[in-house]
Each structure stands twice: as C-alpha cells, then as structure tokens.
Amino acid sequence: MKYQQILNTIQSDLATTPYAGKVATYIPELAKISPKKLGMHLYCINSGHYSFGDNDERFSIQSISKVFGLTLAMSLLNDELFKRVDVEPSGNAFNSLIQLEYENGIPRNPFINAGALVISDVLISTLKNPKKSFLEFIHDITGNTSIAINQEVFNSEKECSFRNAALLNLMKSFGNIKNEIEEVLDFYIYQCAIEMSCKELATAFMIYANGGKKLSNGQQIISSQKTKRINAVMQTCGFYDEAGEFSFRVGLPGKSGVGGGIAAIHPEQYAVTVWSPPLNPKGNSELGMYALERLTTLTGFSIF
Amino acid sequence: MKYQQILNTIQSDLATTPYAGKVATYIPELAKISPKKLGMHLYCINSGHYSFGDNDERFSIQSISKVFGLTLAMSLLNDELFKRVDVEPSGNAFNSLIQLEYENGIPRNPFINAGALVISDVLISTLKNPKKSFLEFIHDITGNTSIAINQEVFNSEKECSFRNAALLNLMKSFGNIKNEIEEVLDFYIYQCAIEMSCKELATAFMIYANGGKKLSNGQQIISSQKTKRINAVMQTCGFYDEAGEFSFRVGLPGKSGVGGGIAAIHPEQYAVTVWSPPLNPKGNSELGMYALERLTTLTGFSIF
Amino acid sequence: MKYQQILNTIQSDLATTPYAGKVATYIPELAKISPKKLGMHLYCINSGHYSFGDNDERFSIQSISKVFGLTLAMSLLNDELFKRVDVEPSGNAFNSLIQLEYENGIPRNPFINAGALVISDVLISTLKNPKKSFLEFIHDITGNTSIAINQEVFNSEKECSFRNAALLNLMKSFGNIKNEIEEVLDFYIYQCAIEMSCKELATAFMIYANGGKKLSNGQQIISSQKTKRINAVMQTCGFYDEAGEFSFRVGLPGKSGVGGGIAAIHPEQYAVTVWSPPLNPKGNSELGMYALERLTTLTGFSIF
Amino acid sequence: MKYQQILNTIQSDLATTPYAGKVATYIPELAKISPKKLGMHLYCINSGHYSFGDNDERFSIQSISKVFGLTLAMSLLNDELFKRVDVEPSGNAFNSLIQLEYENGIPRNPFINAGALVISDVLISTLKNPKKSFLEFIHDITGNTSIAINQEVFNSEKECSFRNAALLNLMKSFGNIKNEIEEVLDFYIYQCAIEMSCKELATAFMIYANGGKKLSNGQQIISSQKTKRINAVMQTCGFYDEAGEFSFRVGLPGKSGVGGGIAAIHPEQYAVTVWSPPLNPKGNSELGMYALERLTTLTGFSIF
C-alpha cells in the first residue's frame, strides 16, 4: 500500500471508531476545543508529505514542547544536564510529587512536568532571552516564523498551575531550581501555549528522524549522537504512564500533549503527527494512539 | 572498523576500566564466581560470529530467562496474557512489593520478578511439563541440547526465595496466581538456574533480531508482530530501574541478569551478549553496560 | 445517670441507628454470623458488672487477641522486644506491605498484622508450647477454662492467609522472622480463632484497667509500668487506620477485631466491650465505635 | 517525693546525660541558639509552680503554636472543620507531600505542617485580623500581653519556606486552600515565630489540663468536650513520627517544636514544659523527651 492509501484507510477507520475519551478540562481554554477535530500528517524523508483532515489547523502543543526544550538544553549543555534530571521512565502519573520527594528533588525524566520545569530553569540560566530563543528555535526547524503562542491558553494555564508551583517549590527546597519560581513557571507555561499544526509539527520532528539535521537544507541542529539520545528518551518516557503500552503497540519514539497532539518518528524514515483532542484516562489522545498503531501495522514496520 | 576490530578495541578498553561493582551475593552459589570473568559475543545476521574472552563459558542466565518465558507464553497465548501482566516500565526496584500492592496484584511488566512469576504461573497452567518444555524451547532456538540447569544454583536459590514467596502470596491474595505457590516458585527458580555461554545466548537471541525466525533454518518460532512487541518490552523494561539509562546510552533492546550477563539485539542486524559478574547498584553488569555502550558508539548506530 | 441506665440508653439508641457496614467476608466462616448480633458489657472496678444484649455469647476475638499476645511477650521479655517491632501508629491499612518494605521488615507496631506475626514468632522462640501457654494465659486472667478456639474459623482462616504469608516471607527476607513460616502462621491464626463473650473479654481486659492486676484476687499479671505501655499502644494503634478518630471521639485505649468486637478500658475505672459484626470501611465495628462514643459522652469522661 | 525534689532530680540527671542531637539549622536564625539552654516548668492545678534552669527565658515555640491554632479554630467552628483536616496519626515525616497526594489534599492531622496550614487558612477566612486575634488569644490564656513574635526568626523562616509553599500549592490544586498562598504562608510563619518561656507555655497549656478553663479565673476558653478532643489529637499526633514512642514512654498528651520546646499535660493534674534545643533525628527535643519520661516515672503516673 502507498502512504496516501494507508492514511486514507486510517481516516476511514477513525471515522467509525468509537471513543470514550474526554477533552482536557483542567485548562479552561483547552476545554473549548471541539472533540471532533482530527488531523494526521506524515512527512517521509524520501517521498515528502501525506495527510488528511485538520492537519493544517494549529492546536496547543502543550507537552510536545518538552521535546523542543530538551533539544535546546542538550544543544547548549553536555552531561552535566543529567545530574539535574534523570532519564528513567516514571511509574507514576505525569505530575506526581511522590517519586520526586523520595528521590530528593531529581526528576525521573525530562518529560514529566518536574523534569521539564528543571529544563526550563536550565534554559533561563543559560539564555539571555529564553522565550525569544525558544520561539526562534521552532521558527528555525520549521522554517515558519508565524508560529506563536496562544495568549488565552497562556493566561488560562497561568491561573491553574498550583501543581506545577508545588513541584517547583519542592525542587527548590532540594536546591534543584536556581531561578525565581514565578519566572520558571512563566517560561514553562509559555512553551506549552505554543500552537502548531500537524504539518508544522511533523516538519519540526523531522530533525529527530534525520539524525539531527533539517531535511530542507541539511543544517545540523543537534548532533547525531544527541538526537539518538533524545529519541531514546521519547521511546521510554514520551507517554506518561503509558510509554510501555505505546512502545508495545506502536513501536516508535514519540511525545504526546494534553492538547490531543502526538508527534512520533521512525529514524531515517519519517516524522508523523496526529491530532484528536479526546484523551484516554492516562492523558494521551485516544484516537491518536490508535491511528499510530494502525500506521505501523499497515506499513509493516516499527523500529523493532 | 570491522566487527572483530571493534570487539578487540572493547576488550582493550575493558582491561583498563576500573569498576566498583560487586558480584551478586544474595544467592550464595553465585557469590563464588570470579569477578574477573569477561566474555563478549556478537552474532551478525550477514556476517556471522565475533567474540573475545570467556564467551564460551557457561554462566547462570538468571533474569535473562524471563525473555524466553515471555516468548513461550506469547507463542501460546494472545492478548488475554496482558490482562494479568502489564507492559509498563516500573519506577521501583526489581522485586518491590509496593507498586504491586497499589496496583492490585497486576505486575507492571513481565521482566520484574512479580511479572515473571505470573508468566511462570501461566506456563504451568498451559503446558503439561513446563520444565521440560522450557528447556526444549531453548534447545530448539540454540540448536544445542546440552544446555541445562545448574543444580547447586537451583538449590541455593530455593533456600533464599522469601521475597519471591512474598510476591506470590501477595498476588495470590489478589487472585492473580492460579497454581500452588511452591510449584510456581520451583518452576521460576528452575528457569533462572539455566546456564548458557555468551555464544549460546547470542544464538538464542538471534530470533529477536531476525523477525522471530531461527537464522539457521528460517523456522518461525514466534510471529514477526509478537517479536516486535517482545523487543519493545526489552527496550522499556529490560534493565530494572536503569532501562532509561540503557536506552539513552546504548539504544538497543536487551535484558540483563544478576549472573552478570546481558543479551541485546539490533533488529535485522545482530544479537550481542556480554558477561562480567560485578553488578552496579541497580543490579546490572557494570562492565557489560559499558561494553555495549562502546559497541553502539564504535559501530555508529543504535536503533534510534 | 447510673451505669445500667446509661447502657439501657445506648441499647435504645443502637436499636434505631442505621448502619452501612458489612460483616467481614474474607474469612468465609465469619461471613455466616448474623449482622444483628449486638451485646455490650461494662465491668467497673468499684461497682461490678453491667450489660445488655448478646453479651454472654461467644464470638471470634480475631485481632483483639493481639493485645494478649503483646502482654504475654512483654511479660517474658524487656526492651529487646522493641528492636523487632516499633510502637508507632501506622498510616496505612492493617495488612499493608508497603511501609514494611520501606522500613526494612520492622513492623510499625504490634497491632498491625505484621507486628502481631513478629510477636507470634517471639512467643514461639520463647515458649515450649505456645498454643497451650497462650490459652492458659487467657484462662488465668478470665478465671474461665472453657475458653477455646473455633476450629471451623481456624480452618477457614488457614485457607485464605496469603496476605499474612506474604508479610511473613517479606519479613523473613529481612531476617525479622526466626521460625518456620508455616509454624508462625499456624500459631497466629490459632490466636485469632479464640472465641470469647463480651463478659469474658471485659473480665480479661480488667487487668489493663487495674494496673496489671487481676481484680478478683489482686494477682500481678504484668507490671504496672508495662501495663501503662500496653495501654499507650492501644491508644495510638488499636484501631488500624482509625486510631486517631477513636481517640478523638471516644478517648479510651482499646482494640478492635474483624469479628466485630471492641474492648476498651478506662484506667482505674472500668473495662468495657461491645460486639456488633458489621464493620465500617476501616475494618472496625461500626455500631461498636458508636456505642463507645455514647458511653464516654454519657459518663462525661474520657481519659483526656 | 515532692514535685520540686523530682524536678531537682531530673535537673541532676540531665546534667550528666549525653546527647547526640543537633540544634535545628533549616531556619538560620534558630541555628544561633546555644545547645546548652535547658529549662523546665511544672504548673500543678493544686499546688502551683515548680521549675529549674532557663524556665523564664523565651524561645521560639514553632510547632507548639499549632495547638493554639487548632484551639482557636475549634472554638470558632464545629465538625465542619474536620472535613478539611483529619485527626489520624501520620506515618511519615512532618512535612511529607506523599500522603497528602494520595489522600487528595486532606491532611492527616492538624499538627503536621499541611494540617496547620489548612487551620491557618480557616482562621484567615474566619477572623478579621488573624495575626492580632492569634496573639490576643495567647495574651488571654497566659495573662501576659508582652508575648510577641521574634521578627528575625519570622524573616529567616520566610526565606526558606519552599516546602510549605509546595504543600500549599498542592492543597490548593485539590481545592483545600481558599485564600492566597502568600497570605496563608505569612500567617503560618507568624504563629511559629512567637516566643514564650517555659513558664508562659505551662500557663497557656493549663487550659488543656483544666477542662478548657483558665485556672486563674475559671473562664471557659473552650468547652470541656473540645478540650478532650484536642488532648486526644496531641496524644496521637503531637510528636511527628514519634508520637507512639512518646505515648509509650511518657504517656501524656503533648506537642513539640523544632525550637526545642515540648509542652504536655496531665488532665486534671498539671501542665509541664521543657526546653532544650538539640533535636533527635525525628525532630523532637532529645533531652526534653527524656526529662518528661523521668517525670512520669518519678511521679508514678501517666494518663494510662
């Protein structure tokens, strides 16, 4: 089957797939998004773009931004980064304080909230204008300078970030946050509030499929070695408490967000993104997970 | 660099690498093994065998046997198996009762002790003579019928298996063990007490690199789809509380044992095993981890 | 109000008090008891016996036996006993393995199952015939040699003791159980299977109200100092995860059992027992808790 | 022995008792206090005041203030208060977030930090000027209007309160904090920064020994019934993770603070306070615990 045929098949499948998931409501602004939104975009190294549905409509990337934050931090720092955040999968929900307390304020990995907050703290310490640099990084890897944050989502999330403030305070009590709590929280929420379409996200994620280089011009954004390590972290930690299930059923490194987006890659093959707002109980896009499982089944290969 | 050259380089490196690890002592019989033992074996799909050191000497495979147990169970059963054991990485040590109690007796994955005990229980319910079938399975995939258990290790482990008996009793209280506790424990310890050399283990693991087929004769031992799933579980759960670190540094699916062995694969490329008894604090072979990190660095590719 | 009037008032109150609790079912033999059973017995140092309802009918004392086990162990040993079991309240359910694992096999207190199992282990190591001595101890403090175990309850509990076997195996892995697991389990279940009436239990508990002496003949069963310590443990640990609530509402040291019995004392005043099988979600007799709250309200004094 | 003789004996004992404890250092201002400070004050209902050492020197009452906060809240509110904070002992350290997360933001009891923060939040919602009312309450029960906070301790604690801010944010995420986090934190630290001498504290605690009434004029500060309940909470929860040990060895309701103070009472008999800054590993005054154990041994009675 050709790629566009496969995507058409998935689109048909999804049209009749019942779902039990609910759109995220803990950020009021996100709760307004229609649960019917559905888009998918496949960007192949050798054969270009395939897509269906709302693949050109922007949505809140939320936790998918954590991959960009980690990439930026790893491009600026070496192994010292991993003294402040580990790379182990977490056996608890994405915002749990429990493991963090037992492990003395060192987050399990950069993709749970605690870990992403440490990465934000590192970027604030390293960059002169972290918000500007972060957005420029995304403009650079997508070649699209119109990508920006959604101010309403940003404001909305700011008002209900007590859990993240608790994480920051706990880590600061262990000495693992160096900057002001308000500043770290502000920068973290800024990243989450960025909006991108499936197509733009697939273009951005192409660097992870392409050994750290932009496909458009071959520019090395991050070393091949570090790219592999980011991919490994996506594989083991990219889906909250469902990373094993995603590896088991889909077999690709990827990252999900509570906006309903998922971005994944097959090294040296393609980047793929899907968007469907209803989330399963673990906080991942229910139809998105299914769409990617269908993709690797129909293409016949996962990375394993 | 050619493969034998790479292995020679690793052998030289290891000769001068200091280590802090200790040989496992909780099974008295294992404590007798010399910490100096060191062997590595690489078996490539296209170019055959490469090795150094004690690669032909048999050692106690211990938890590496859990991969064979899972394979056998998945070859006999379908998705119903995963109602009794999950496939998520575990954020705690390999024999912890804590997560098991919170999660109502359903082990996090088949590679922590609790999960392997459930797999043993399943095999006892399914097979007429589970010990015989298990050994025959290994004879089949290695083509070597002399592989057997070490009776002293078996006896030694039997006398100090209170933790595993606690896990079994706890799971039985939740209804997730169907057979007699003594019988499950006996079969589980039997599997751990099997002895194989690096070469034999690499040959056995070739089925995971080769889409579920024996390389020698093309016989399909387990479906390609199920092989991918086993590899995914090895990737996310194969190294106790260090699975993320192994993915991050090595980037291959694999499984370690407290006997000091590690077996790993690169899909469609090779199976590789290493044996060095001293264990790091997480219970994985210290030099073994390092040897495999060197291998993927020197060959220039992980699966990511 | 005189004591008998107070008890009559409580009896009237209970007759119209709705309850949501359920009779314990995890021991099949206990599940057969009528939820309507209800008895109360008050034994005052200065004025003798008061009672109502089924106060003369024997029931399974279950965990109330833990007080007798602790008393016997403390009468035989001094502070070395408390190296093997602590005296702190437990923030988890009565049979939880979690805290035990974090605290290296030292149970939080002698009234959670793990602690009572350690006490049983201690008694087996110290006494020639622990079952006989245990029963004789109860015969001695009650002056009633007809008290015995219920063999059906004993058999019934033996068949569903996987949780306790898990606790024993876990503690044995930490070196905190010295005897054979089967033997400790057997003796522990024996103690739980003893049957006594409210009147007999109140007579037995009189020693805790009377400075360690039998009221009938002034014989010192256990020193006054140790009696105070046992009472302190009852106060802080006697009601599983509801010890604080009981102190808060009732204000007396006491101990409950899943058979629906509660025994409590007011030092230098009285011993009181109540029996009503339906248990609240924390595992304590629902109407029993209420009856004792009414008692201290109507008499106008708790120990505080 | 007469009371003053008993206190003299304790003073002699303490002079030669070695201690391993350290003065609290997490609040820099407290770290400056001499570890040699030592005072004790016994205030008997029937026979007045007895004391030795630094009993007239003021020190930071810290967590002992939680008893006053609870008393004030219980005098203003009824059982609805206990929907927001439980009365169960806590099996973890005094500032742990873990239990709080598992129990959905409802603190285990009013004497762990989380619980005292909820009480502070309640008082802010109820009182027009909570700081003023709190201080006036202490002025009232001691008859001493010169009692005030230590501004340096207040400032010092404000700068290192990340743990408490984490607790507040976590509870606010569960909806169990109604006011601004900064305001609650400020009021909570204010209470902790109050300074009182042993004599003043013993006078204040006399209301708990005297059924809720001031001994000087018989004024009912809080009902007899509520006084008993406060005493019960002190008994089961007053000493962090050592409440059981204190009950076991001392047998009195009481409360300790990291300033090295302990206040305890014997209902209808006396209030007693002791001050010695070095803390044991559980955070309670090491010599203070010992002094109170000697007191109940030498007087021959605990409440049990």
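Think of it as A, B, C and D in the order they're written, each chain with its own count starting at 1.
Quick note on the criterion: contacts are C-beta pairs under 8 Å (C-beta built on N, C-alpha and C of every residue); 3 or more make two chains touch, one makes a residue touch a chain.
Listed by chain with UniProt protein names: A, B, C, D = Glutaminase.
Note that the coordinates shown come from a computational prediction; the quantities given were computed from them, not determined experimentally.
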item	value
Between chain A (Glutaminase) and chain D (Glutaminase), the fewest steps along chains that touch one another	1
Between chain D (Glutaminase) and chain C (Glutaminase), distance of the C-alpha-averaged centres to the nearest whole Å	32
Approximate Å spacing (C-alpha centroids) for the pair chain B (Glutaminase), chain D (Glutaminase)	55
Chain B (Glutaminase) and chain C (Glutaminase), separation of their C-alpha mean positions in angstrom	48
Touching chain combinations (by label order)	A-B, A-D, B-C, C-D
Complex contact set, residues of chain B (Glutaminase) against chain A (Glutaminase)	86-92, 99, 108-109, 227-229, 231-233, 235-237, 241-245, 247-249, 251, 253, 267, 297, 302-304
Chain C (Glutaminase)-touching residues of chain B (Glutaminase), taken from the complex the two chains share	96-98, 101-102, 162-163, 165-170, 172-173, 181
